[in-house]
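We just call them A, B, C and D in the order they show up, numbering each chain from 1.
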Amino acid sequence: MNLNFASDNTGPAAEPVMRAVIEANAGAAMPYGAEPAMTRVRDALRAAFAWPEAEVLLVATGTGANALALSGLVEPWETVFCHRIAHIEEDECGAPEFYTGGAKLTLVEGADGKMTPETLAAAMAPVGTKGVHGVQRGALSVTNVTEAGTVYTLDEMAALTAMAREAGMPCHLDGARFANACAALGCSAADLASGFDVVSFGGTKNGCLAAEAIVMRDGTRAAEMAFRRKRAAQLWSKHRYLSAQMEAYLADDLWLANAHAANAACARLAEGLRALGAEMVWEPQANMIFCRMDRAAHDRALAEAQYYLMDEAERPLCRLVCDFTKTDAEVDRLLELLRG
Amino acid sequence: MNLNFASDNTGPAAEPVMRAVIEANAGAAMPYGAEPAMTRVRDALRAAFAWPEAEVLLVATGTGANALALSGLVEPWETVFCHRIAHIEEDECGAPEFYTGGAKLTLVEGADGKMTPETLAAAMAPVGTKGVHGVQRGALSVTNVTEAGTVYTLDEMAALTAMAREAGMPCHLDGARFANACAALGCSAADLASGFDVVSFGGTKNGCLAAEAIVMRDGTRAAEMAFRRKRAAQLWSKHRYLSAQMEAYLADDLWLANAHAANAACARLAEGLRALGAEMVWEPQANMIFCRMDRAAHDRALAEAQYYLMDEAERPLCRLVCDFTKTDAEVDRLLELLRG
Amino acid sequence: MNLNFASDNTGPAAEPVMRAVIEANAGAAMPYGAEPAMTRVRDALRAAFAWPEAEVLLVATGTGANALALSGLVEPWETVFCHRIAHIEEDECGAPEFYTGGAKLTLVEGADGKMTPETLAAAMAPVGTKGVHGVQRGALSVTNVTEAGTVYTLDEMAALTAMAREAGMPCHLDGARFANACAALGCSAADLASGFDVVSFGGTKNGCLAAEAIVMRDGTRAAEMAFRRKRAAQLWSKHRYLSAQMEAYLADDLWLANAHAANAACARLAEGLRALGAEMVWEPQANMIFCRMDRAAHDRALAEAQYYLMDEAERPLCRLVCDFTKTDAEVDRLLELLRG
Amino acid sequence: MNLNFASDNTGPAAEPVMRAVIEANAGAAMPYGAEPAMTRVRDALRAAFAWPEAEVLLVATGTGANALALSGLVEPWETVFCHRIAHIEEDECGAPEFYTGGAKLTLVEGADGKMTPETLAAAMAPVGTKGVHGVQRGALSVTNVTEAGTVYTLDEMAALTAMAREAGMPCHLDGARFANACAALGCSAADLASGFDVVSFGGTKNGCLAAEAIVMRDGTRAAEMAFRRKRAAQLWSKHRYLSAQMEAYLADDLWLANAHAANAACARLAEGLRALGAEMVWEPQANMIFCRMDRAAHDRALAEAQYYLMDEAERPLCRLVCDFTKTDAEVDRLLELLRG
């Protein structure tokens, strides 16, 4: 029984994705994205996002997708507005700074891992008021699902992207958990992407081995981005294995089905945890739970299961993540362990 | 019939590698290289290279392996000595410059894609003679198999690395075709790596989907390199799919067997080409052929087969590469097409 | 009458400094710091700082001094802790990020433009807890005089640098107004520099034309820093004009006398402003005043004088800075204008 | 007697330049280029270059002018074509690579320190033929006076810039010795600048303390360049001392008069050296001489004079440079010493 709730990246690849990789392995294929599957992937994403001019680059890591995407949006003397706990700020070891040639990130506050029009306005206010002495407004980057496991509504995102656009800034969506956000909101990919210029569309956490798509609504910078990808050493020679993953992930809405499964497992787990007296730190709205409960319960569970304790408190903060493979039986077994 | 001779990256993954990826897909695994297979990969490379203290990082692209390796060897105000047609100079779109923070490459001349002690000395002579005004000697990077399809002998490499070491420079081996070089020389991995500090040990061109190992003889900079890899967005979350590939590639000397197969196919092809009157531009010593023959022959062959013509001459320069899957029948069919 | 209170960089160079530049103009001199005056400057700073092994680099801008200093202290995957309103954060257009290859700045809160042990601890706490995923603790940068015109006491600085040192971080002092801080505290240069590894010792704002010294307590990285300076295009060929300025600035404690003059003018001005009903936003402890008073007063004054209004409030925030040349008559005339 | 022939940067500032600096020191002045003299400098350069839309940035070093200029012309994945012995390649410690974010320099051969259409074509041919794998054609950078002391004719420059323009590349002129080139060619500034997009117009070597102008024919990127200058820490706060120098340098064609003086001294020296049996390595066409003569002569001269021996040969290569202050008496004294 798989009791690994440490992250959605501890899960396997989905069976259709793996099968597609195996099928892609037959015979020879031209390299670097010249394989026919890549055209199909681009077309599938154009259709899903309702962006008929979109261009798509595939890379193997979410950090790569984010850092490359941002490098095409901001100049080195500009700044990216993002939430204080955004992945690009906390979990990428400075990759955005590296890829952009040293642009800044300006941290925006906000409860539940979410920026608000008020907190974004507060962060934007002083930026760009100092002429050449200060960095300039560069781009907005929104993460949905947030790193707190909460989900921006479509209206909440629209309010933020409208502000950015009014200020002349393009908008980036860190969609490492794009699918889980769509599943949570009951919306389409096009709905979620609306208002953004570039999306990091995640596959790895939700059924791929290692595949993320950078989807650019407007293809005008596609040529530049192709140079950036190669120069960043993110261009695969045997690119067919990337496009095969993404094609299978998109086919028959596998991405969405997987996300529904992950979110449902998470909801079941959250309900059970509440029944055990856990306090939710943030409302779990997708596939991640941050809660506090007694250490004794963790001691029992962690003898058999895997997840992270994030502090040393008596009732430590724990993070529990469900990937798309989690079964009711696995969730229930974890709850049983915690219950003692 | 697979008549794609465009590159060794047009070939598939080897069956044992693919099987290992499928097996790695069972259940959960801790991410980022914490899976047990990674320890086995490190130990296998330590043994193969006879470097008991070696540390290993896996990445998905050869450019990533080279650029990361060099970034740990040189300061931004230093230069890397490499052959004029080295992959790091011609085929990486400036990735070494990007990863090193703007270090230079100093180009070394030499027939057959190979530096010599004389040409290296000539390139080194002026570097470092101008105090703070000029860049400093940083590292030597040798490519074996060379980009010309020739192979440095062990003595030839030893002469170059000795010169570098005497000048206080560490040595990097671009081993994108490491296996083909070993097969050509009949030497061990340890023999080929001898004299180097860091090796880019290629898997992708010779049986992997996308897997390259950065092997560092001396592990002292391993911690720094781990930060560099993450920051460069080259760290996989589902890292098990990298280590599975590399483990299978190393097991039972699959890497060497594949390379022998590729080199043998290439030798058969070269012999056939010579019989057809082709002039070899460089002596094919591994799995790549650069030759000239009549355009009419190419016109016939390219209707069915795939490879590159590199100029518009009457007898155009063509590049033919054999990956490890090429059969005698495929080689013979290509020759038949060329013969007309 | 000179009623320019916009900044201390609107003031002229001090007469002894200008005379030294004129004298340095006689005949030929070897370039790039090989002139004898540079040795005397180094020795004078060694003595003043009581750092017998110190090495010194001169540059023309404060931003250059800060960015170069930091580039020698932190790796690209590290972060510099500084106050939210530090010059390196707000007024250098990302130069620290550029020079360091993309290191981060982590912003520390604190009233009166000053970090405290508590706010520094809060900022440091999460940094370095995420393995390779997060940036690492790199350096502490303290600005004294602060950008709020307040002055850290020696004890306050010692508390901060001790924390940094315990965490393994080197300490940088942004001393663009080093002299004004010494004058305010009545301490020596050695007192102010105590606890730091590298100091940006400012000359430009306090009597030089364009001259700042990077003073490194421990000379071990001096060779590296010399390459960094040249590569950053901060190395003057006719370097004698930099060393002449700095030598004259240090001679006979001109730096300190000038700062005393500037601070005294500022104190006189602050007293007068208070009598006119101005509210001090921060306590003016050196040569800068941030206060609020009625717009009508400003309308009168700004017809004749120059300084900055920083918002559009009814009682706008204004910044008034005294350079070392400000006379009692000039201060009194400004007060008279404001009084109406 | 000033027998320093080591470089033109060992000379002093010209008297009118120094006087202008002294005059600029009166009273207060708004910082960062807002002083009225900067407008006059811009207008003077617009007139001199016959570029009515030109924008101008002043910096303190020639390396800064070149590196900043290039950073506005090329992307990080592009390359700058320049002569193998260009200052940007040999004498700037990688500053162009730093400022451009890691662009390459592609070295062009050519006798006498000069590129030719043939050598430039040869260097350009392979660049840009490899799709995303290779760096792209970025810009052409011509140095006149060359580092060999020779001078491109106007026709020679026009041939090169026409080739660049046809290939879609902007053109940069490294004019650290712009004035000496004009003096040598008997042409106007507008003549020399014709065909270029950005010129590094040098002042430091020819009468300024430290002042170089980046002159951009087309001002469209001026805003971007202003950010780049600040971010590179090249923006002076007391900017008046830069504009004062440049204004005086331009007034009454001081720049040209100084260059004529330097070139004339050099011609006298060259004639004398030839009479002593020196072999000119390159034809001295401006203010620099590279020649070989007996070591015994050098031993005598170097006891009293200063210049560089650049190798250890029996007849060592020596470099002798005349700045604008060199008198006939000084030149004759050096010749006397060499004659023995």
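Rule of thumb we're sticking to: a residue touches a chain if its C-beta (ideal position, glycine included) is under 8 Å from a C-beta of that chain, and two chains touch if they have at least 3 such contacts.
The model shown is predicted, which means the values in this text are computed figures rather than measured ones.
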Checklist outcome for this item: At the largest C-alpha centroid distance from chain B we find chain C
Checklist entry - Pick the pair with more C-beta contacts: C-D or B-D? => result C-D
Checklist entry - Taking each chain's centre as its mean C-alpha position, how far apart are chain A and chain D in Å? => result 51
Checklist entry - Distance from the CA centroid of chain C to that of chain D, rounded to the nearest Å? => result 33
Item to check | Distance from the mean Cα position of chain D to that of chain B, given in whole angstrom | outcome: 42
Item to check | Residues of chain C engaged with two or more neighbouring chains | outcome: 76-77, 92-94, 98, 101, 132-133, 227, 230-231, 235
Item to check | List of chain C residues in touch with chain D within their complex | outcome: 2, 4, 6-7, 9-13, 18, 21-22, 25-31, 59-64, 67-68, 92-95, 98-99, 204-205, 209-210, 227, 230-238, 241, 306
Checklist outcome for this item: chain A residues touching chain D in their complex are 32, 75-77, 101, 132-133, 136, 224, 226-231, 235
Next on the checklist: For the complex, give me every residue of chain C touching chain A.
Outcome noted: 76-77, 90-94, 97-98, 100-105, 107, 126, 130, 132-135
